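This is the structure I have questions about; it appears just below.
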Amino acid sequence: MKRLDLIFSERELQAILNTLEKANVPGYTVMKHATGRGPERVVTEDMEFTGLGANAHVIVFCEQEIIEKMREDIRSVLSYYGGVAYISEATPL
Amino acid sequence: MKRLDLIFSERELQAILNTLEKANVPGYTVMKHATGRGPERVVTEDMEFTGLGANAHVIVFCEQEIIEKMREDIRSVLSYYGGVAYISEATPL
Amino acid sequence: MKRLDLIFSERELQAILNTLEKANVPGYTVMKHATGRGPERVVTEDMEFTGLGANAHVIVFCEQEIIEKMREDIRSVLSYYGGVAYISEATPL
Amino acid sequence: MELNLLLQNIFAPTVLFFFIGVIAVLCKSDLEIPAPLPKLFSLYLLLAIGFKGGIGIQKSGLFNDQVLLTLSAAVVMSLLIPLLGFVILRLKFNVFNSAAIAAAYGSISAVTFISAESFLNSQSISSDGFMIGALALMESPAILVGLLLVKYAAPKDRPDSRKLHLGSILHESFLNGSVFLLLASLIIGFLTALSNPLAVEKMKPFTHSLFYGVECFFLLDMGMVAAQRLPSLKKAGSFLISFAILMPIFNALIGVLVARSLALDPGNALLFVVLCASASYLAVPAAMRMTVPEARSSYYISTTLGLTFPFNIVLGIPIYMSLVNKIIPTSPL
Amino acid sequence: MELNLLLQNIFAPTVLFFFIGVIAVLCKSDLEIPAPLPKLFSLYLLLAIGFKGGIGIQKSGLFNDQVLLTLSAAVVMSLLIPLLGFVILRLKFNVFNSAAIAAAYGSISAVTFISAESFLNSQSISSDGFMIGALALMESPAILVGLLLVKYAAPKDRPDSRKLHLGSILHESFLNGSVFLLLASLIIGFLTALSNPLAVEKMKPFTHSLFYGVECFFLLDMGMVAAQRLPSLKKAGSFLISFAILMPIFNALIGVLVARSLALDPGNALLFVVLCASASYLAVPAAMRMTVPEARSSYYISTTLGLTFPFNIVLGIPIYMSLVNKIIPTSPL
Amino acid sequence: MELNLLLQNIFAPTVLFFFIGVIAVLCKSDLEIPAPLPKLFSLYLLLAIGFKGGIGIQKSGLFNDQVLLTLSAAVVMSLLIPLLGFVILRLKFNVFNSAAIAAAYGSISAVTFISAESFLNSQSISSDGFMIGALALMESPAILVGLLLVKYAAPKDRPDSRKLHLGSILHESFLNGSVFLLLASLIIGFLTALSNPLAVEKMKPFTHSLFYGVECFFLLDMGMVAAQRLPSLKKAGSFLISFAILMPIFNALIGVLVARSLALDPGNALLFVVLCASASYLAVPAAMRMTVPEARSSYYISTTLGLTFPFNIVLGIPIYMSLVNKIIPTSPL
């Protein structure tokens, strides 16, 4: 099994979740209110009340083939709005 | 060293932490207010004020043998209430 | 690519972020309001309003060489104030 | 039914804010009331309604016949309604889901009660503080019945680990956070009114003056929550959807007859009816999630929040009021 | 300029709390107002100002000539200012950044408006409720213009996936959370004042009495936010820094002339000028982040929050007041 | 001791809500006040008490002899008490823990002070606004002493990286978030009362009327927090447990003698005593966690929150009142 970590602006959350659902992931977890810094943007907690919002961190445990299915869609969302996505190995307990 | 990720309803948190303590984990981290979707249940932020609560994400860095010790207990809690558990490799910095 | 997970008291956040910036990490993500237990300290949600604060969980995706650069600095902050740091493998999507 | 009452209810700020919340979701506005703000409002409302209730009870006196009779009737209703609901729900659902949903409809919704109070207020109809005692007493028995139904109706389906112990049943029924806060605030209000009238005055700006505004703010959020339940309501099927509307009306009918036989004033009668007709989304889900994980939480939460709650605060309350006006003579029997 | 006005403004608690926030950050105090508390204050202020505005409009009557003329002028200003700003910004920035920043300066800041109201209040100068209507109407058109500028001025730069559809432009302009909450509360206030004066009284402790205190609390936070923007302001460059001060003054000048030709009273005139001079940090960033991700958010957010907002509430308001006093005769033309 | 005072204190809503919080935890109710709501209440209370204090100081006049003497005595007490505490604690603990705990007991708890004010209020005993000045002035010196003790009493134990620089000691002592907010609000209150009485009136619904209710809400949370400390208190050992009760009483005794020699009125005397007897859980832990990580935070936080705070607000305040009544003659010496 794989673990996919996605970090991006909360405002893109719906677009990402739609992509995940389209690929039929078995489930996902969302943690909002994350902040951080990417190659160019800084996201700070004090700005969360403005329209910009904070980041969301999404974790998906799923098979490699599902990742293949959604790779392009996720990449296109992230390249449009920014954000990062990383895959690592994970074994069910 | 291993990294164990547990995601489940906040309402089971005490049961899971008891299990961890029983197995003498060196430590653990809890992040509450996570939302998500599993095989059947959807957990959304807008429902957090009701009695259902959100999810908790628990991270444990520990040795494989500790994981073996608690495997059954964790599985039984998760099979009762729902939630997921995954193991991956981790090296101390 | 590597994934570095740092968990420590929110009060050390600035010191850790300075260390990351000094090593020129490409980015990082911060999740505050984490609680947990380490070898000796317990951090609970109900204490968050006091001066102690909760924990922060910082994730950095970066190359091994950057990790080498900051290893000593991070270790010295964590050995001073407490907290844990683990490295694992990660592949960009 | 008097259309007039309906219109007056719909133009109350509370109901208008509820609509606004619904519309925000339907129009996909990015309006958001992030957690834990709704929890803040909900805790505040429980604390304030409890405190006000305690003062009210102290004023009306606890040990007069009508008070004791009304409170007993309230408890009996919250024991009976879940049994009735269970029998109906078993036509379609397994024991776990039936018990959980039945418990929700036997228990009460504090915010529906509050809305009914506001409605009475706008109609200049008085009600008594002891009705908040009924509110507090009706939360737990329904949970108790629901869990006992699971314990005795489904003993063979469940593995050993899931056996319900009486201890944990009682714990879930009486020590649930919202039940506890409401009851405790009620007692504090009572004791304060008894021993310390000055402190009552000092609390009032917080518990009384602010109340209506916070209620509006919370109803804005409830409108958003209700609208977000709509998609999962569709999945629930037409049986459950009908149940979520017809069961409250049916309970209201029983309630109004009981209220008549108790010779309640119109104001108290409406509150009694609303308690019977409303369904819980705070205490019951919390208890069921812990002890009956086999029940689908979307069943009991989507119906109570997505359908029964909106129905009650928008249409139910004025309907019940005209029912009360018809069935209960204004001068006591 | 009357130094007196300036001093009186600076010694208002709202402005003092703002300074305290700035100082806390500059001194590296660990004072913190954690999320989502600022969101709570911001939602409250929008709800309350909207509700108060609705009551005000109901009282002043919507369909009198001056009201309609003023509201139309407000909309025209919020269409024109972004165009002007765009032309100036294009000297230095690409289409995306220019359009996003221009939209921010065409739109308004509700808290700046509220501060101006408090200032008027402290000067015992009256203003009318319908000006809150102008506030509500001026948020969206500027967003619309900004997005249309992107759509038509930069068609070839953008890949297909980034094509702006009119539907999503309208959605971002009119259904943004803060626009929606303000407008909805305004309508609820209006309807309540019309049909239910009792409910208005019940809302007042929440929407009226509490308002000034929450405003102070929020301005404490805004001071911290503004001071935290300072480092990224340096990166923005001197052109943008000058723009963030000069553009509001320029807009204020146009505004005061329009106000004069509308024969507005001094109070309403100041509010009109402040609407023209203020820049948005709620609705516009939300819309731009979604639809024009090419624009650097630090440009439009650092300038509006770090410079224009502080400038307006500390110096701008008294400056604009003395401008109004000079240019607009106290008895109508 | 007058049992009467004790009973009257225990039946105050504030104390009752505290008990409710304790009971909720002991009964394992799932009642929860999630973060950051307690922080909201805590920030509000500091802001409001500061603002009220500033108004009070402006009214009583800052530069009269008794005010200056009292404030100086307060500062001296908060320098001496940590030294005394340190000597006692060194019998059992290392330098780091001793200094950190001593600093906590030298500093003050604003909520204990507020509770004492409420108690005076319920007894119709007046007190002066300048006592809030004493509150604000007593937070920092104790931190300073604690950190200096670490710097000079433990120089050889610490590696270079942990050297305490005077700059950071001063920073932690005076720019801690809660110290800063209290002091800043005090100054704002003072300036506003001086220059802008209208604004004071506009603030009152927020800072004055709401105060008591928020205090109750916060004490509910404090009850839960205190009860959750109990398990770690057991680990702290009997020496520290005794210290957490006896030290406040001892400090109160010194305090009452100083108050007598200052010829304070009974109301001000009680507040002075309570400041001496209370221990910090906001400013001191924040400072110690940053600069003395060797000290076990559970020591200074479990004792202050789990024992000293409950003791003071439930038993301490009425005990100190009867002490004041005994030792201080009602007409000035």
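A, B, C, D, E and F label the chains in the order they appear, each numbered from 1.
Definition applied: a contact is a pair of C-beta atoms (placed from the backbone, for glycine too) under 8 Å apart; a residue touches a chain by one contact, two chains touch by 3 or more.
Note that the coordinates shown come from a computational prediction; the quantities given were computed from them, not determined experimentally.
The minimal number of chain-to-chain contact steps leading from chain A to chain C is 1. Centroid distances built from C-alpha atoms place E farthest away from chain B.
For chain pairs A-B and E-F, the one joined by more C-beta pairs in contact is E-F. Put simply, the C-alpha centre of chain A and that of chain D have 38 angstrom between them.
In this assembly, the C-alpha centroid of chain C lies 33 Å from the C-alpha centroid of chain F.
Annotation for chain E: residues 30, 34-36, 39-40, 176-178, 205, 209-210, 286 touch two or more other chains. Counting only residues that touch two or more partner chains, chain A has 11, 31-33, 45, 88-89.
For chain F in complex with chain E, the touching residues are 35-36, 39-40, 43-44, 47, 51, 171, 175-178, 180-181, 184-185, 187-188, 191-192, 195-196, 198-199, 202-203, 205-207, 209-210, 286. Of all residues in chain A, only 9, 11, 33, 40-42, 44-54, 76, 80-82 touch chain E in the complex they form. Across the complex, chain A meets chain C through its residues 4-5, 7, 31, 33-39, 45, 55, 57, 67, 71, 74-75, 84-89. Taken together, the chain C residues at the contact with chain A in this complex read 1, 3, 26-33, 59, 61, 88-93.
Taken together, the chain D residues at the contact with chain E in this complex read 8, 11-13, 16-17, 20, 23-24, 27-37, 40, 121-122, 205, 209-210, 212-214, 216-217, 220.
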